[in-house]
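Okay, so subunit A shows up in both of these, paired with subunit B first and subunit C after.
For the complex of A and B:
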């Protein structure tokens, strides 16, 4: 990278700003569409912004067992998601893709899960501990799925560089990209798990665990955690777009940019539809499901190493 | 006459232990037995004659007969007979052999009798406090006649805490309730968990005990009580309203006019419609399927509107007086009600079809919360829970009341005994309910709504009434009395028995299945033990303590 250091930094700031601005809008869209499927009017499109503002303006009550850790967990959660946002292309090349490689990305994604763990531990109630034990169980199978996808891309392109990987690298084998297609299927089937929506919102399951790890959060910190979750939906969608459906990114501004957000929107709609038409899985059922997907993903990796 | 046959069987078997018997109607039997023989008679009735246990009632009869009275009620569902096995208990140190070892379903009822009336069930396997609050002193029994309705007992100690059992070794304790998002009433389950698996639980409920029976026996009159009875439950209130009225009518041998019987039937079925639609919605919500929850509630709404048009209220219909009903169904309402049930049938069919095909819901409900036939028998489970286990009991057919003896309907059953079967039973009962409403509207003749009652009701008569609530049999027991009010009124809601089956249903299941297994509990959110007030002008907040609140409540009441 020969660019002066200011430009990546400005780009990173732009990415963060876009994610922070767009995340509540996508959430609003998700809510509105869900309401329509349920024969309801639904809240105004901008409601999530108001919700966040309302929560941010509330009294900050620290009711958990270890308030310091609770505070740390929530800042770390939002910071991690926003850092990932700088490593992922969003209509433009990723602003910070020179500072780290796929390994960093995998670590950061795991860190996002760890934040939930910390939050639950800090709350210290039985329900939040149950919540994090569920979160950990599903994380152990979910995180490897993305890692396998990244490594498959690396096998094809012989590179761990993010700009190479997040450009459809999973299809970069010669001929029919069998491994890439399998991984695309795996991603579509597990995407609800990554963004923690029904049927895989098991760790928070309001009707069983009363929000689990989040149960001791209120006011501004709850707002930040919710913000992190909304951003997660955008960031993971961007990641999926970069890895699996990058076509059109060479068109240049504004078409590539518009196309990119169109694809993210498609992911959000997919998430909404699946969430509105499913019941929640039980943790053991979810784990069996993820394990099957992981087996398929590993199969794809094997194919990739054979050059398919 | 089957009731007489049963009496003859009992007389042959127990001879002189049977003191006397009363057969006021061909479907009711009251047998007075010696206190020593009560356990054997109950075992015989429950095991050999295969009756279903209903409830045990204790009454303070000292002002009238000089003794306490205990009634063990049973139902012969196939023979259409309700039986009460009664015995007098001497007033000094009242005690009676416990039947809970031979009739496990009597566990709670005997403990309640001990708490409230002070009759000791001798040999009870688990004689722990059930109903009275933790602060209540030992040896004070609120349902005794010498205890005033508004009395605060000596030695009330707010600091006393409930002694929970030791959890089994290797298990963590997870408190479930008193307040939990899916449990909209204060009830407390202490779950013993091994990982995510439930190994056992202890139940502490009765946190919002409202003293309704005492209130009725002390200050209300026969025709006030239906309105009070309706407030026992926020979902199936009309059931209690009708069951109470019928129990008094049965005790005083009053016959309600036919049109009133049809109207009772119609409103009971309207209530079943709204309750089943609500329950299906909630069940879907519990497993995280909110879209179906919303659809169920949308379909349910017109049922609430028509109820409001008939009675003036979405819920709490205030329907019955003794010997009649207060609301008529006018021709305009009839047309509208027909429209509502037609729309409902049409809209409900696709929901049933969608749920029946849904693999996802089946995954969460099949094989979950299983209550086999033995458990149904031993715990006295009723309603859709029993019917989903293949036990075809339904008071509408087995102990017909109101206009049900003149109507055709099917008793819906299923065989898998799990949550899925209960869901299916309830979903299909909606169609039976609409079928019943159509028949009623078709057959109703014009006529009076109220039986004229000129004389005072005779005192000391006993009446039983079982009404099939959406959740199962609601059973009311009444002893008529002086001053235009009953001496004793005992209500047994279906959840009273069904809840006792829960520990067995959730044992060795995943924690995630606990809520859906519990799902059939009626939501009744009623008590909060402290609150915060904020002065809007100064912004000063003040937290009220439990003691201050109690002071406030007692001061103003």
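For the complex of A and C:
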């Protein structure tokens, strides 16, 4: 590492703090907007903060046979999302750029998913396990989509460094960036799945599975899961912005930073709009949908290998 | 610098003799399982120490001269042993896995109600001795044959150990058939390449079939008989491919043989025996070919073929594993999948090794290091998983995951070590499996200027590791998490001690392997350092090219780096950040002072937790499996051993006709 270790750690702390502070706000915005689209009044903008605070003080019912594993999974779920936040540039270079590369990022994102799976399995109720089975099925097809985008960027730039990749690397081929444009389309069509919102919130599916993996969780544990999920929305939006909408990142501190969060906000609004106007897919429909996208993404990768 | 007083070749000879002596002793006390077990453990420990010492000496101080023990000139027959860096790594792997397996066997075999262990410990020790021999002899014909046959026949006896169980004899026969085929193919390959004996500069006379003699003649062979040489290499690929479980050969024997064998033997089969196939491939495709013959050797073509076969192997093997509902059968298929990763890494290396660009050659090293490090890691975590499966079998009497569940509460030590191994095989960050896959992916993705298909193969491998994750979630979830099955509850009620966990020696064996897994995961620099030392200590053939190329950089805190600093992974720092974030999350959860209470799970108010509504292994991923049936792997599952006690029947409601057989949870 060229930098003294304190600067990356300070940057990591800053990223974590921003994500923790901003995530409930974005969630509040999402809820409010959804309500307005559906002609409802909706909760106040700050409601998610109050929800979290309330849940942190409520009774924590542990219904699994192995409460230790339940606790471990919950803490790790939030911890993983926050660690990922340190690997993503958010208006300034990624704090832990020298600690991990794109391959680590891909696998850390799956680790975040695994925690939910562990939690659901440790709770062990039939509905939870049904939920995790669905969650895993969509993860199997979803995670590779992002991996393909990162690999394409790596092929174009011949690097795995996050600062290089999360700076519009998918378009870094000469001429018309066909592979990048295809991947942008794939990402826009699959983004709801990454952040587990309607129409791809199949694992949780409140109305049929009663939140699936999270069904047996209450109190602080539920708060942590909700927090992790809200942070995921911010982190994935940042990732998508970095990979696909990099323009303006060279503007210098205040403007680049503001522009970055403006773009993240735009992504959140997009998610909201899609979520509010769609109905949930069934798991088999979702599998077919994601498999088609995956085929398109692999095609884009082939183009990228040929220099397009 | 002399970390070990014996020459490595003498150490290997000593290790083999220790095993042979142990085999005789255990044969003598075959009626006393406990004594036999400890004797076998002592012999395995002695041989492991010798082998580890020899390997350490080679890695620290470089290889010494070869040792010729027996020789019969007219028959072109001689036992010549030579331990270089590559052999040292494999010797180390064999030693590191056989020792816990031997320790584990003591209590595992004590409770098998067989008249004696005469069919177990003697072949086990001979099996180990043969593996030591096969990775250190330079004779490509006669002693290769002897060691291979010893390994095969000993393995055959071991797989057949529980031959009264249906399906076991058939699995053993298949194993025997495929291994004989592999042996024949490799020997024909060696025969095609061998010409005459040669005399080295040092005055040593080499036999006709000696590895170094074949190397000496190979440039001429490649130039003037390219077809013959290509046939020989194809035969090597097929022969060793059969051994390591390469598609389509692996599916014939591996998934049947592993579940049939007693668990410590499965651990050895999957942990080390199939790795001798990898050793053979590395030896023949890289070390056999002199660097000056590179112009006539189509390394990139063989590499492309291996990348193709490796990618198919890893995808098909893993997808087939997803469909299994028996612990050891699932693990066996996943061994095929993991062997695919190793083959992919080796293929990447071969594709790139001939490049004129030093940056690309450095990626060839990344591919090779990934493959060899994955050999080490896979040996550790897969043998650990087989031991875990053995412990589960020991505690519950079944391998059927549908009848298992909730064992974490009853076998915490086993469950913890299984968690480490499952994380490693799924390539969870900070685990050992992640580090080696990282290196393979690095070589494959960045190697695209030399071969456009490499990133695609790597992406399929990344996709497959999501399937591996699903597979291990199913394995771990269905066995150790979810709710306790009635079989498990019944067993727990029958035993007098609390819990169902295995005896201490078995726990120790599992803990030792889990510690090694954790260590290599957090300090991948140690693994890459070992592999680099191995390359430096085996400068021969194309191994020289690899040894001279820029290595994967490795340091404790800085982690590992490659592609001229364009790829980095520092697990200790990741652990630091993750740990801090974990502590923060824990603090946050406690901050509100929320009271905790245990309660029964809520099943919508009209049902209670019951064996009939438990989510079982066969229900996992039903929707995606429907799309994956083309991969096969469901045929002829070995019949599960009946549980010793019939499943309990606590006041059950009437079975509904649609109940458990064909419902799909969508």
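One rule holds for everything that comes next: the second predicted complex is superposed on the first by the 307 of 308 C-alpha atoms of A that agree within 3 Å, B and C clash if a C-alpha of one lies under 4 Å from a C-alpha of the other, contacts with A are read in each partner's own complex, and residues count from 1 in each chain.
Assume a residue touches a chain if its C-beta (ideal position, glycine included) is under 8 Å from a C-beta of that chain, and two chains touch if they have at least 3 such contacts.
The shown structure was predicted, so the numbers you read here are calculated from the model rather than taken from an experiment.
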{"item": "First, second, both or neither for A:118, with subunit B first and subunit C second", "value": "second"}
{"item": "Partner chain(s) touched by A:191 [first = subunit B, second = subunit C, both, neither]", "value": "neither"}
{"item": "Greater subunit A contact set [subunit C / subunit B]", "value": "C"}
{"item": "Touched partner set for A:39, first subunit B, second subunit C, both or neither", "value": "first"}
{"item": "Which superposed partner A:306 touches (first subunit B, second subunit C, both, neither)", "value": "second"}
{"item": "Which superposed partner A:67 touches (first subunit B, second subunit C, both, neither)", "value": "second"}
{"item": "Which of subunit B and subunit C A:26 touches, first, second, both or neither", "value": "neither"}
{"item": "Which of subunit B and subunit C A:130 touches, first, second, both or neither", "value": "both"}
{"item": "Which of subunit B and subunit C A:284 touches, first, second, both or neither", "value": "both"}
{"item": "Shared contact residues on subunit A - subunit B and subunit C", "value": "126-127, 130, 133-134, 210, 282-284"}
{"item": "Subunit A-touching residues of subunit B, taken from the complex the two chains share", "value": "172-175, 180-182, 196, 284-291, 293-295, 298, 358, 360-361, 363-364, 510-515"}
{"item": "Interfacial residue positions of subunit A with respect to subunit C in the complex", "value": "1, 5, 9, 12, 16, 53, 55-67, 69, 71, 74-80, 82-83, 86, 96, 98-101, 103-104, 106-108, 110-111, 114, 117-118, 121-130, 132-134, 136-137, 139-141, 143-144, 147-148, 151, 154-155, 158-161, 164, 210, 215-216, 219-221, 223-224, 227, 282-284, 287, 291, 294, 298, 301-302, 304-306"}
{"item": "Subunit C to subunit A touching residues, read off their complex", "value": "405-406, 408-409, 426-429, 434, 437-438, 441-442, 445-446, 448-449, 452-456, 458-459, 462-463, 465-467, 469-470, 473, 476-477, 481-484, 558-559, 563, 566-570, 573-574, 577-579, 581-582, 584-586, 588-604, 609, 613-615, 619-624, 626-627, 665-666"}
{"item": "Contact set on subunit A toward subunit B in their complex", "value": "34, 37-40, 126-127, 130, 133-134, 198-199, 201-202, 205-208, 210, 276-285"}
